[in-house]
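Note that the chains take the letters A, B and C in the order they are written out, and that residue 1 is the start of every chain.
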């Protein structure tokens, strides 16, 4: 492998890695607060992409399901905003109703009414999906997780799997089998850095990643809500005694993780495109990234994501024995299992020896 | 409603069901569903293993389809390319799968969340290896053809009709074997592990070893089903055991009841009928409905649908309706009756002069 | 002639900075009823866990019938993460101590019951006890699956034994009841029957009297004496003083991990250190 090629592979690795990093971040948020592994995280990413596509192109999508979903999203957005504002669930219903009426009208109008022929600028088209997907995460938590009786860890996992199936199915119904792409943010496709070619959209992805990471960090460490989230992760009962409602925290964690997923989905669709099935693989990669970071640390997930991306790229590049492009997806899985085993082993040893 | 009548009715049910199932492949009965019936039988075999595993270890396996695939491929390759006796091939396939499960068993040391992911990873890797076909023996994405039929002496299982009975014969045998295992000391140990791992350990039951054993058993069951499928479809390809199929298997297990053996028929039947007959007309809604079913069951009845129905019935339910719903229905009914009566009374009294 | 069935030498277990059991030397005589008492947090349950093998000691050793079942070979000061990772790779280094596994210890005859009972809720009463016979039977998958005669023989023997133990604790007529349907007192008896089914030599009872009324405690005392008369050594952790004083032939007192007194019930009751441990240092109050 030549030096130029090596650089190129590193660049590709960073490109992919940034995506995995953000998805892994989403896993970490939910796991850190609730100890649940959200199998639907990949689907959130897919939804982000699909929603941005839908807003940008306003193509033929079947009306009924989208209208219903749009209404639900609007309601959830409203409830979410209300939550962040006043943190009182009792007024949830009322505010949901209000925002349902207010929020859904422009959304539906835009999709099917007056403004249907207008093309929404890509920037806004990428921002709105964040809210929409956050709404989906919100709904998913309320309907799926909170309502569960006697939730066992394994049971909750299966519930998130069910949710992932449902989301994927609905996406398939609405957007069909084809791959969808949204326009690039920047006209220019690639630029050259050193000896390698970098896809410009990646710069946007990286920028998104940095912004999300910083915002998240600030949120978690500076704001009251963020600190409550962290407290909940460490000790839900203790946090409860301090007046923090763990269910609320879980709800916010889900919405947040979904928002992050949606963001990355929206920002990466111009480059890689999205089908209704893409969520599965991305979710898996994100999981590996998160596992490298130990599941609780967002920074770990980010580093893990990059390691994963670069590792994969290098495996493709090296092309020796079993380390070639055929097996590029296999090795991350193997590493995942090895890491899981190592970590559990270490924990068990520490416990035994005190 | 007298429970005595109902329990006698249950005894009658068994021969009725058996006769029903035995008559299915006849064209004058439900012959057009021969293939579906066979598929249900195969799925039941895998599902029983999964139900037992999930029920007694309290963990999820999202990679069961991988063992199905290994059984399928080994049977296919050994009997077609190397010309081995299909029965021998099936035996070897089962042994290989058991060995693989044994080696993979170390992942059972992982906790719930992580084990689920590890099994998903395994399911994915096995599938990918079959697709990649690095060493040219799995036939890549197209798979292997030219697999012979199973045969006993000169009697070949060359028709759908015959294979239906073959598969269900195996299925019945496996169900009975599982039942006798569960009733034995092994079954008690498994139930002990499920009930309280700490207490089980204190009685000398090696928890890890039992989890491993049930894992291997479930893998072998899946392998047998896979082998039978290879000699049924006469085609082995990665398309038959994609990672999503493992999820469908979990749905079957959940519907059937997590520690239930006979419920597996119910679960497998429900999902396969939904997938192949009803929802095939609705394309993607397939996934949505199945996902919703999965969620609803896990939310309301974590121990599985069939088991919940069974316990509901045992707790003074009527037919199969669980007590809760029966009581709800009755209170609704009396509420409506009462409301109606009050309305009549009120209209007599409350009339303004 | 004193026959020591269980002995600990310098037994220590630390969890990070907290020393739960601190250099405890004790000797349990066979065929006697010994009680381990002490205020809450004294380390009694940790002691049980060490004896049954759930925890490995940080230092010291445990001998059962003269043979070591738990022995720390080398201490490496502060263990750090890398050492742990390395150890878990290399099996021989993994056991910095020699440990007989909990399952093996049950085979040797060391069995315990739990403070919170831990019955198998998914089985009925007799099946719970039959599970206790697991180690004393041997048929496997093959015999079980195909209903071979060996299975039938062993199942009959197991069932008979289970009935015997159930009758011994007085639950004979509740054979087929759901295990969780019994009141707490009977659940505790069931747990004891289950432990007896393993045919132990040393029975460790963790707070068997907790939650029982006076009558039940009376029955419990009688049962424990009958168990002792069967040739089983009984060690119990208890908080109920009258129960302990009436039952135990030897009492060992722990406080914050250390053994502070031992002797007969009468001797221990008068011991100044014991009184101080339970009531606090304020002797003016006495």
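As a convention for this text, a contact is a pair of C-beta atoms (placed from the backbone, for glycine too) under 8 Å apart; a residue touches a chain by one contact, two chains touch by 3 or more.
Bear in mind that the values here come from a model prediction, so they are computed numbers and not experimental data.
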| item | value |
| --- | --- |
| Chain whose averaged C-alpha position falls nearest the assembly-wide average | B |
| Chain of greatest Cα-centre distance to chain A | C |
| Highest C-beta pair count, chain pair | A-B |
| Distance between the centres, which are taken as Cα means, of chain C and chain B, whole angstrom | 41 |
| Inter-centroid spacing, chain B versus chain A (mean Cα positions, whole Å) | 32 |
| Whole-Å separation of chain centres (CA-atom averages), chain A against chain C | 50 |
| Of all residues in chain A, the ones touching two or more other chains | 345 |
| Touching residues on chain A, where the partner in the complex is chain B | 35-37, 144, 147-155, 157-159, 161-170, 172-173, 276, 280, 284, 287, 291, 322, 326-327, 329-330, 333-334, 336-337, 340-341, 344-345, 348 |
| Partner chain A, residues of chain B touching it in the complex | 54, 58-60, 62, 106-107, 109-114, 116-118, 120-122, 124-125, 128-129, 132, 134, 243-244, 247, 250, 254, 283-295, 298-300, 302 |
| Chain C residues within the chain B interface of the complex | 52, 54, 102-103, 106-107, 111-114, 118-123, 127, 130-135, 137, 139-141, 144-147, 151, 154-155, 158, 194-195, 198 |
| Chain C-facing residues of chain B, complex | 177, 180-181, 184-189, 191-192, 194-196, 198-206, 213, 217, 259 |
